[in-house]
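Handing you a structure now.
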Amino acid sequence: MLILMNLNAPRQDVEDIKNKIKSHNCQAHEIPGEINLAIGITGPSELLYEDDFRLMKSVVDVVRVSKKYKLVSRQMKNNDTIINTKYGKIGGKELTIIAGPCSVENRDQIFRIAEILKNAGVKFLRGGAYKPRSSPYAFRGLKEEGLKLLDEVKKEFELGIVTEVLSPDTIHLVEEVADIIQIGARNMQNFILLDEVGKTKTPILLKRGLSATVEDLLLSAEYIMAQGNFDVILCERGIRTFETATRNTLDLNAVPVIKKNTHLPILVDPSHGIGIRDKVQPMALAGVAAGADGLIIEVHHDPDNALSDGSQSLTPEQFQKLYDKLKSLAPIVDKELL
Amino acid sequence: MLILMNLNAPRQDVEDIKNKIKSHNCQAHEIPGEINLAIGITGPSELLYEDDFRLMKSVVDVVRVSKKYKLVSRQMKNNDTIINTKYGKIGGKELTIIAGPCSVENRDQIFRIAEILKNAGVKFLRGGAYKPRSSPYAFRGLKEEGLKLLDEVKKEFELGIVTEVLSPDTIHLVEEVADIIQIGARNMQNFILLDEVGKTKTPILLKRGLSATVEDLLLSAEYIMAQGNFDVILCERGIRTFETATRNTLDLNAVPVIKKNTHLPILVDPSHGIGIRDKVQPMALAGVAAGADGLIIEVHHDPDNALSDGSQSLTPEQFQKLYDKLKSLAPIVDKELL
Amino acid sequence: MLILMNLNAPRQDVEDIKNKIKSHNCQAHEIPGEINLAIGITGPSELLYEDDFRLMKSVVDVVRVSKKYKLVSRQMKNNDTIINTKYGKIGGKELTIIAGPCSVENRDQIFRIAEILKNAGVKFLRGGAYKPRSSPYAFRGLKEEGLKLLDEVKKEFELGIVTEVLSPDTIHLVEEVADIIQIGARNMQNFILLDEVGKTKTPILLKRGLSATVEDLLLSAEYIMAQGNFDVILCERGIRTFETATRNTLDLNAVPVIKKNTHLPILVDPSHGIGIRDKVQPMALAGVAAGADGLIIEVHHDPDNALSDGSQSLTPEQFQKLYDKLKSLAPIVDKELL
Amino acid sequence: MLILMNLNAPRQDVEDIKNKIKSHNCQAHEIPGEINLAIGITGPSELLYEDDFRLMKSVVDVVRVSKKYKLVSRQMKNNDTIINTKYGKIGGKELTIIAGPCSVENRDQIFRIAEILKNAGVKFLRGGAYKPRSSPYAFRGLKEEGLKLLDEVKKEFELGIVTEVLSPDTIHLVEEVADIIQIGARNMQNFILLDEVGKTKTPILLKRGLSATVEDLLLSAEYIMAQGNFDVILCERGIRTFETATRNTLDLNAVPVIKKNTHLPILVDPSHGIGIRDKVQPMALAGVAAGADGLIIEVHHDPDNALSDGSQSLTPEQFQKLYDKLKSLAPIVDKELL
């Protein structure tokens, strides 16, 4: 961090700044310039907040040089993180496809969809047992019953399970079934939950919040890693903008930005990202073209009667068509879809 | 809800729509027009999702007529909700001022600030014991120790306590001390937490999320009320926009919109809303002029050395000056600051 | 349009609404329902504004059913518009690549870049003679001198010229040289300029404004077409959101939305869209994968010394690499890059 | 500006940076630190673009220290600009109220409204003769006929006239009638138009664009001032955000930010800002409470039949009520409404 002060700042103002820096166990270095006196800071400056200095006397500006995150950053670890699960890798050359319904609705539904996806070549099944819904009156998932069905379907079809956890007290239940635990967009800054999943040994799929910057997302990943769980998979799923023609604005710009700043893998969720079934395929292809390590897609054998998110779920036929196109696309961006 | 279909839609498409409506225990009414066939819906249509119909065959558009929320709405209850606490009312003619530091830091700090505020005439003290922070390395509050200090200061100065809860398992601790429990912006859609505070009997201060529409905020209030706790106080604290000159964009437009749509009281938090100390006063006055029922403001006796949010906290002198102006402003907008 | 009124609305209120509708040469139709009385409107209702009815007595809601635009819409003309120029087609199977520097800087620069692009197979050269700049002190283009250089380079290399016009009084000059006239993002709602280019016979490349919805963009295209010029090419070039990690947020979601709503071709500008050179390639590929009819890309032989936009211009080597990848990608999305 | 480089950057990279700086007539100063080598820049650095350096070799970050604008800045001129017109002052202690219809519709309409406003004490009448409309089929103003009516009404009632100009070729017509020329939000970055009004001697009311940052707005004011016209009045009129409950999001945060950064006066337009009649009054009061120098408000004697913007225009009775409240509010924020 660099604090820019007036060149003619009273000595006391400069000392106040330096004392504040030292009280955080950092070192202060005066660097006189032509326009400003700069105070350079070394040491554990990720604990310092720019805003805490901005209104101090004689301060002109405060400039953060280093990032607030460490463990997630490419400077800390240059080579791509590849996450190994029993059912496949995430990251590296592998193009990962996670597919399935929004919610587990009943035994017949989840078994039918799982069979279709298994036959298509998919390795990971998504399906919600605990569902966050903006209205208290909407279907909120089968809960424990849903987890049981996911466990059965996993054994039957040998598919890795990706499912969401909503609160610390159900982590132990979800963990028994899930190969990848999902943190949803609305919980991206539920820091208590991040702490707790950080203590598990299961890979975490962390979805970007609707109004989270890329930096916010990386800081939330840092929370999980700071507790010892280094298997974090990021996921872009659309941000909130002024545009109302689509449910959200899938921000594919985030993909190359994330690839540059962190070693963690990044998936794209085109189903939530654009939110309209007939536009999911182009955005899925675009996500992979932008450099994503894979996709998480909603597929339902009967979307018109789905209990949630039917309007953005692909039919099995649409999914198969997309999957075939992805196979052709993968090598153009140096990926493999096996 | 109204579903608009092609006038020449095949009979089967119309029947599919009507069957779907009936399967949700609603009634379907065909209303032929000149351009479209409209299907009107009566019954508990808050359980229906527009998007579930939008991609069905022959559908041109889907229009929600009624709101998704009920208990929070002015149609349900026309007169303003006034929340009574031992320390003062919130809502109605009363202009409520909640003030205090971002975090409880130590005994000396919280006692000094409490004394200043009590003398100024303030009835409610804010102060965080559990702090959500975007970086895992930042100060996250004194936790139980902080609650204990809040309890002491409350007894000493007879101030109502407003403090945040972050997770269901600490609600019982917070509840013992808090006169008003705060749900922070990042937890506005932590639905598990909303359910749980909805089961308490303590008034809830629900802050608007950074990317939450007014409708999202009201739906989150509905969550709390659906569990039986009707004492919900809404709070506008800034949304995220493209503007970077301010930390957030305090959206005062929300105040008259909320006043029209719900009977619940609405406060404004200018400290987080604009995020820069020397601009808090104009936004505080603007919030009251826009029709808010009160303010929640950060005040610190030594903001340059605050452990969090120092740059947006008012000094005691600045607060006193603002308080005096608020006394003159209140009657212009039919409020009283006693 | 549909106006929803209270079922028990006084007769006078209903008549007021109907009279207002008739005064705009439209017909009003009463459609009584169970919850509301709906007033359906037929006739030239694109002249009616929802907002003009919203505050009238007994009105509950106003719902626009038909779009405000006509000539641009797929309902008006179902098959894709293909624009023929002497140098190539835009739309249909063709994947169009327009490349070149931000500004024409001097004879040597524009000739060197044109030669590189011609050799790569590019058919259209972009280059600004009149430059809109947010600061009055920045380089604002060579103006007439720039147009002269574009004319020379066009004759030498047989490349179609795409260049921007800023005001009505220079249209006749630009028109002499340009094969496609560009309307920049900041002028997307400069309606006087839209009227005037609508009177020319040259194809218009219309860029989406930073805060324009897709509907706004289509309405601006409607302006041009309403004057008789039907050769309009749309261009997505990034919108303004809260994210600061990229210069703009290239909104690729707009591509499938636009493809569904209009018959006009749509290009993507990844250079302005993301604004950082090393991230242009992934976004260019993503744009084509999302279904765009082509790209407009900034290329400079010496970007570090470009007079404008150097940081987002590709080097010739980077462009060649991208061009090769586009050739492989095109057939996957049913396009040809010849 | 400050360029941060790797401490171990090759000498050639450092020299490349320094040469580029010198080629813009600025001086480069090496400031070695512990983490980075900083290159400080002195001289006319407002001509340098951060982005031009960001991708050069060994560059870690680029930091703008000084602002891009000069003439508008408080550093250039510390005391508030007060603009004198024949009909009243704008800026300083004066609270300026500009009121009137969106469009001049006919002689009877503009005379009736002018009389009402004159009697209320208003000094400036707004009314559009040239109207920018997002649809080409909407009413676009009476044009020259409208200007003539404004001239008549001005002589009859001695009211200052505020009216919009849309293109350079009608400036001379508008200038004959207008006491203040308005540049609308959609033309805020129509740089050709800014240049031209900068050459007049009439005060300019410059409205903030829908997606313009405060810095963009100030740069557009700089355009006008750079041509010699120093009488620029800024106007906040709402930005575009994700919130759809209001037409725009009136950003009152901009008021204190603008007050700090520039000496120019700032008005607030609550009519366009929130866009719904019954919410204009609270936002008007809030604008003044936030520190604005005045308001520009739409008033119509028969809003239900207005040809444009009827839904956001106040009735004469609503305006009078607001005006009375403004008289009480003014002294609280050190203003006078005479």
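A few remarks follow.
Order as written gives the chain letters A, B, C and D; numbering starts at 1 within each chain.
Going forward, contacts are C-beta pairs under 8 Å (C-beta built on N, C-alpha and C of every residue); 3 or more make two chains touch, one makes a residue touch a chain.
Fair warning: this is a prediction, and the values are worked out from it, not measured in the lab.
Chain centres here are means of the Cα atoms, and by that rule the chain farthest away from subunit B is C. Subunit C and subunit D, compared by their mean Cα positions, are separated by 26 Å.
Spacing of subunit B relative to subunit C, judged by their CA centroids, is 39 angstrom. Our note on geometry: subunit A versus subunit C, Cα centroid distance of 32 Å, whole angstroms. Residues of subunit D in contact with at least two other chains: 211, 239-242, 244, 278. Because contacts link each chain to all the remaining chains, their graph is best described as complete. Within the complex formed with subunit D, the residues of subunit C that make contact are 16, 20, 46-47, 49, 51-56, 68-69, 132-138, 140, 166-169, 186-187, 189-195, 209-211, 216, 219-220, 222-223, 226, 239-240, 247, 275-278, 303-306, 309-312.
Those residues of subunit C lying in contact with subunit A across their complex are 211, 213-215, 239, 241-246, 249-257, 260, 273-274, 278-279, 282-283, 285-291, 325, 328-329, 332-333. In the complex of the two chains, the subunit B residues touching subunit C come out as 2, 4, 29, 31, 33-36, 38, 40, 42, 60-61, 63, 65-66, 240-242, 244.
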